[in-house]
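All remarks here apply to the structure that follows.
Letters A, B, C and D mark the chains as written, and numbering starts fresh at 1 in each.
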Amino acid sequence: MITTSGLTLFGLGLGAAAILAVASKLLYVKEDPRIAQVEDLLPGVNCGGCGYPGCAGAATAIAAGKANPSVCVVADLEAMAAIAELMGQTIEEREPEIAFRDCTGGERAEERFAYSGIMDCQAAAMLHGGAKSCPEGCLGFGTCVAVCPFDAIHMGPEKLPVVDPNECRACGKCVEACPRGVISIVGITSRLLHLNEVTDCLAPCRQQCPGQIDIPRYIEQIKAGDYEGAVNTIRERNPLLMVCGRVCPRPCESVCRRGHVDSPVGINMLKRFVADRELHSGNRLPIPCAKETGHKVAVIGGGPAGLSCAYFLRRLGHNPTIFEAMPALGGQLRYGIPEYRLPKKDLDWEIQGILDLGVDIHLKRKFGRDYDLNTLKEDGFEAVFLGLGAWQASGMYAEGEDLEGVLGGIEFLTAHALGQTIDIGRKVIVVGGGNTAIDCARTCVRLGAEVTMLYRRTRAEMPANPEEIVGAEEEGVQFKFLAAPTRVIGDENGKATHLEFRMMKLGEPDDSGRRRPEPIEGSETLMETDFIIPAIGQKPDLSCLYDETVEKCPVETTRWQTIVADPDTLQTVVPGVFTAGDVFTGPDLVIAAVGDGRKAARSIHYYLQREGDIPIPPMVQRELIPYTLFKEVPGVQHSERANMPHMCHGDDRNCTFAEVEGALSEPEALTEANRCLHCGLTCYDRDMELPWKNEQELR
Amino acid sequence: MQEYFLLFIAAIFVNNIVLAQYLGNCPFIGTSKETSVALGMGGAVVFVAVMATAITWLVQEYLLSPLGLDFLQTLAFILVIASLVQFVEMFLKKMVPPLYKSLGIFLPLITTNCAVMGIALICQRKEFPLLKSVAFAAASGIGFMIALVVLAGIRERLEIRRVPRAMRGTPVGLVMAGLMSLAFFAFKGMI
Amino acid sequence: MREMIKMIVVLSVICGISGVSLAALKSVTAPRIEEQILSYVQAPAIEQVLAAHDNNPIRDRKIFTVQDQQVTIFPALKGGSLVGLAFETSGQGYGGDIGVMVGFDPESGNLSGIGITTMKETPGVGSKVSKHGFTSQFHGMTAEQARLKSGGGEVNAVAGATISSTGTVAAVQKAVKIYNELRSKLTTAWQ
Amino acid sequence: MSRLWKEFSKGLWKDLPPFKLVLGLCPVLAVTSTAENGFGMGMAVIFVLTLSNLLVSLVRKIIPAKVRIACFIVIAASLVVAVELLMQAYAFPLYQQLGIFVPLIVVNCIILGRAEAFASKNPPLLAIADGLGMGMGFTMSLTFLGGLREVLGHGQLFGHTVVWDGFEPLSFMAAAPGAFVTLGILLALMNFFTNLQRKRKGLAPVDGPTHDCGSCGVCGGR
């Protein structure tokens, strides 16, 4: 038996080993030996944060070249370096990603019903969507805290989760656990690409801002003394914060909920405060950019839209080149806004910050004359952004407006900005009620003229910023309301001497909600003048798109001389050609151009990355979300809104182009930031009609 | 036919291999963290258990029994199973890459899975004929898979629940397995 | 190639060595194992079927050859004289062989009782034959009586377990045959 | 000497299987319905583990890496067969009680895990110490678990009634559900006390050891 046993087992062992040996020869599959080595180097946590099924999967992907050696979210730099060395690559620095909480509500949201179930967000969410009346915000039970494997989240004093950026590895467990989608793992790229969606926690100001700046967040950061963080938050949406801090007409403040209590928070003052702080600190905050993609994009027009688009493209890793027809970048910012509102040196500083990211520029190169779409393509540009602006002043439709001594508002400002001397004489009439008109008026005051503004409606209807109007008044500008020009009368030399105007009265409101002015027959009056500046409106100058015979750019245009594009993607009818800014919208705000510039950059990014497929989020916020805009805000103490300080007075102000408005001081800024009610979506709505109200009554 | 039906019901529910017979507990606790993984592991166990049972049955019938070497059963079986698993892994990798992709990474775990060896041994102890052994192996494997997937489903949900720190992970997994086992008690006496 | 040969050689040699040493261990322990199995597996059945005795039937067992088959017979001795005999036979059951320990009274040649030793019947039905009610019927029966009623005897089959009952009776009849052949040798074997 | 003691003692508390080193769950659950069974299984594991560690350590230098696991398995299986034979010869009732789990010692992750993780890298003496320590730790755990379940499930300990009159045994404790739940709760207690200790030392609490097939090293060694 002993022999049989020995032999049998010997045979079995021999058989097994032989079969395996033969099989391993026959069935040999070449496998990268580096997979095992890489796997050894990975930490083996199997957390799935890299998006691969466990460390083995990640190792396979790394060895196959599908993943970067730095894909692991847990491994330290050393391990990454070792893997990279093994793979013969250098580590590309991973874009830092952390969990980001997007709700400012916390415990303040109303309770819809008494909840005494399991203290767990998911359990609570299952019961009628959670006890909080806010349907989007944080439920506050801290399930995300419980699931975080790195102890990177804790509950803050307001029952809101607070992410510790040093501990967070962006593994995504909290995102999975949150039933409300309050937390997201976002790297800078996805934050830059995000468009407001109706399911985001959007305070009214954030909904209204054409640039979609996360206003509550930067105000919160200012409150916490994190001024640099606030600058970074603004820069995620607006590279021209210093500019906007000075010139923005602040649509956000018009919907500020604080306005229902006393007066709106000085959002723009706060923006200017942090922007000026950086400006005067002497060093620029670093702006992180995604890794190079190598895509070349031509940005035509160096105005706010073009600068914004180039800036976001650069941050997304692409290589934009700006083509500008004028001798310097800035567009209307430089040539349309006078020095006393926006000093050129500060504008230069801000633009330089964008160029420093690695944006190429070609100045004095005019589209249609020096290059066109075809030559751009030949030069290797894969996408084109048209940010031509609106440079043509609209006429007054009055007889004699082509006489000498009549110059369109924007043309006047541009000529002045270019340093040309214009003989405006002593008495100047500015026609129009917008910011451009006031800019013209106040510029003329500084040039020593006596200025009268003619506006066909009343002061209340003037579209210009109120403090601009006040500023103009203070500087001695005369206003003539309810007056519309009818005729320019010139002398024998063809020089304008008088302006004839007609008085108006206000009739029924028109589409814009303003009362339509109606002429009063027989009220014609003559006014003596040396110089007339009609600043009624502007429109894009599209002549560059056409040659006498050939179309240089086959884009479609409208009868308002704007370019047609998909309102969501901003792509024109020519694939790969995008547009934004005044040339698309007609004359609009700087912040609108900046916001659309980002939107266009986003589309270009997807166009380049996804072979033309540009995703549009289904829930994108296109108009204000009605139920978030309630008016009643009980229980808030009144406090005064800060006043913008003036930096110069008297003759200094009226006779020089020194900057007029200044920035808030730090204590003022903090006080102002504290006025913010940090609105979540519905945290204050105590009387909101809720779909489940009846359901509760039933019970 | 009825015999096989009863065999299946008995092996899957009444005498579930993990929950009633305590076999294959290591992978039961170890690979039940995600349903997708549990499915893969379960599939691999069914696959290997059937093959291993068939081959060990042949080894026992035509090699060990005639030579009177029954006492070497354990040794011969594990040798056969270990080689088989390794062979299957190589075979799948070369011949059926899609299958290897879904089951492959679990195969090495199965060498030391007592469910496979246990099924083969139970078949010998009960002296099942070949066909019945194979059917029993398949049924037990499926029982293992069901238990595994169900537990994984529970644990996936537990993962994001508030569990006392000390209970997190394996302890709560074991308690859940216990409760499942208690639930499976209800099948006792069904056959 | 060299490495592969080394692999094969090492593995087979280790297997061979373990085969030899295990076989050696087996041959050393074999007698003791047999005794252990007898005293733990068969002893209860033996005690059940034999009349009162003062010896150890397992230690006093003897092996006889009938029709080229080896039969181990356990004697019951009282004061040195043979008062009972028992040995194991098997019959075809539902799920394999049924082992039956059959006891005889050497005086009369009648059955002194039967006990079931190995049983792999469907639980609850066929296994009823191992219950006392069925087996106790056989006590004191003659060879002719120990048939099922349907076969002209006096044994009541277990309802619903005809195959198991038939198998048991067949085993008893086999034992009767063996007993009759050996009867002459048996009476003198333990004197 | 101190090294030897270190390797031996780590199995008794620091890496106590199966609580600290969550390996080899099947026998832990299956045979711990009574203290005696647990003890018996533990002894069998001590025998196999110590000897397999010794043998593996002895042959560790001549085994080609590719058939390493196969060789370890053969060695372990041979020892298991030896245990089977010896048990049948000297402890037959225990052998019957443990049933299929005796041959299944061979697939207990602890055996292969220690062979792969320790014995194949260390000299024989240390390997023995490690095997003996781990084995004893395992036996302790199994006996304790078995005792607990026996008391709760049968009201007995080592076959002697130890509870007061009127104690109603929880029969499910002796069956499969009890096994899972008891082990789970003991593991949790273990984690709890570990964290309590850490807290006292001012350290941050940690999650307990997770059961991870990878930790047995068999497949991880590939």
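In the analysis below, a residue touches a chain if its C-beta (ideal position, glycine included) is under 8 Å from a C-beta of that chain, and two chains touch if they have at least 3 such contacts.
On a predicted model such as this, the values are computed, not experimentally measured, just so you know.
K.L.:
Going by the contact rule set out at the top, which chains touch both chain C and chain D?
P.N.:
Both-contact set = A, B.
K.L.:
What pair of chains is linked by the largest number of C-beta pairs in contact?
P.N.:
Maximum number of inter-chain contact pairs occurs for B-D.
K.L.:
Taking each chain's centre as the average of its Cα atoms, which is closest to the average over all protein Cα atoms shown?
P.N.:
Checking distances from each chain centre to the full centroid gives B.
K.L.:
Roughly how far is chain A from chain D, centre to centre by C-alpha average, rounded to an integer in Å?
P.N.:
Spacing between the chain centres: roughly 62 Å.
K.L.:
Averaging only over C-alpha atoms, locate the centres of chain B and chain C and give their separation in whole Å.
P.N.:
Going by mean C-alpha positions, chain B sits 35 Å from chain C.
K.L.:
I'd like to verify one number: the distance from the centre of chain A to the centre of chain C, where each centre is the average of its C-alpha atoms, in whole angstrom.
P.N.:
92
K.L.:
Distance-wise, how many Å sit between the C-alpha centres of chain A and chain B, to the nearest whole number?
P.N.:
The separation of the two C-alpha centroids amounts to 57 Å.
K.L.:
By residue number and range, which residues of chain D touch two or more other chains?
P.N.:
67, 70, 74, 77-78, 81, 85, 222 - these are the residues of chain D that touch more than one other chain.
K.L.:
Touching two or more other chains, which residues of chain C qualify?
P.N.:
Residue numbers touching two or more other chains: 7, 11, 14-15, 18-19, 22-23, 26.
K.L.:
Which positions in chain A are in touch with at least two other chains?
P.N.:
1, 4-5, 8-9, 12-13, 16-17, 20 - these are the residues of chain A that touch more than one other chain.
K.L.:
Pick one for the touching-chains graph, please: line, ring, star, complete, other.
P.N.:
Chain contacts: complete, every pair touches.
K.L.:
Please output the residues of chain C touching chain A within their complex, sorted ascending.
P.N.:
By the definition above, chain C touches chain A via 4, 7-8, 11-20, 22-24, 26-27.
K.L.:
Would you tell me which residues of chain C are touching chain B in their complex?
P.N.:
15, 18-19, 22-23, 26, 95-96, 120
K.L.:
Flag every residue of chain D that touches chain C in the complex, lowest number first.
P.N.:
Contact set of chain D toward chain C: 59, 62-64, 66-67, 70-71, 74-75, 77-78, 81-82, 85-86, 88-90, 92-93, 96.
K.L.:
Can you list the residues on chain B that touch chain A in the complex?
P.N.:
36-37, 63-64, 67-69, 72, 75-76, 79-80, 82-83, 86-87, 90-91, 93-95, 105, 159-163
K.L.:
Mind listing the chain A positions that touch chain B in their complex?
P.N.:
For this pair, the touching residues of chain A are 1, 4-5, 8-9, 12-13, 16-17, 19-20, 23-24, 26-29, 53, 56, 118-120, 122, 143, 146-147, 173, 176-177.
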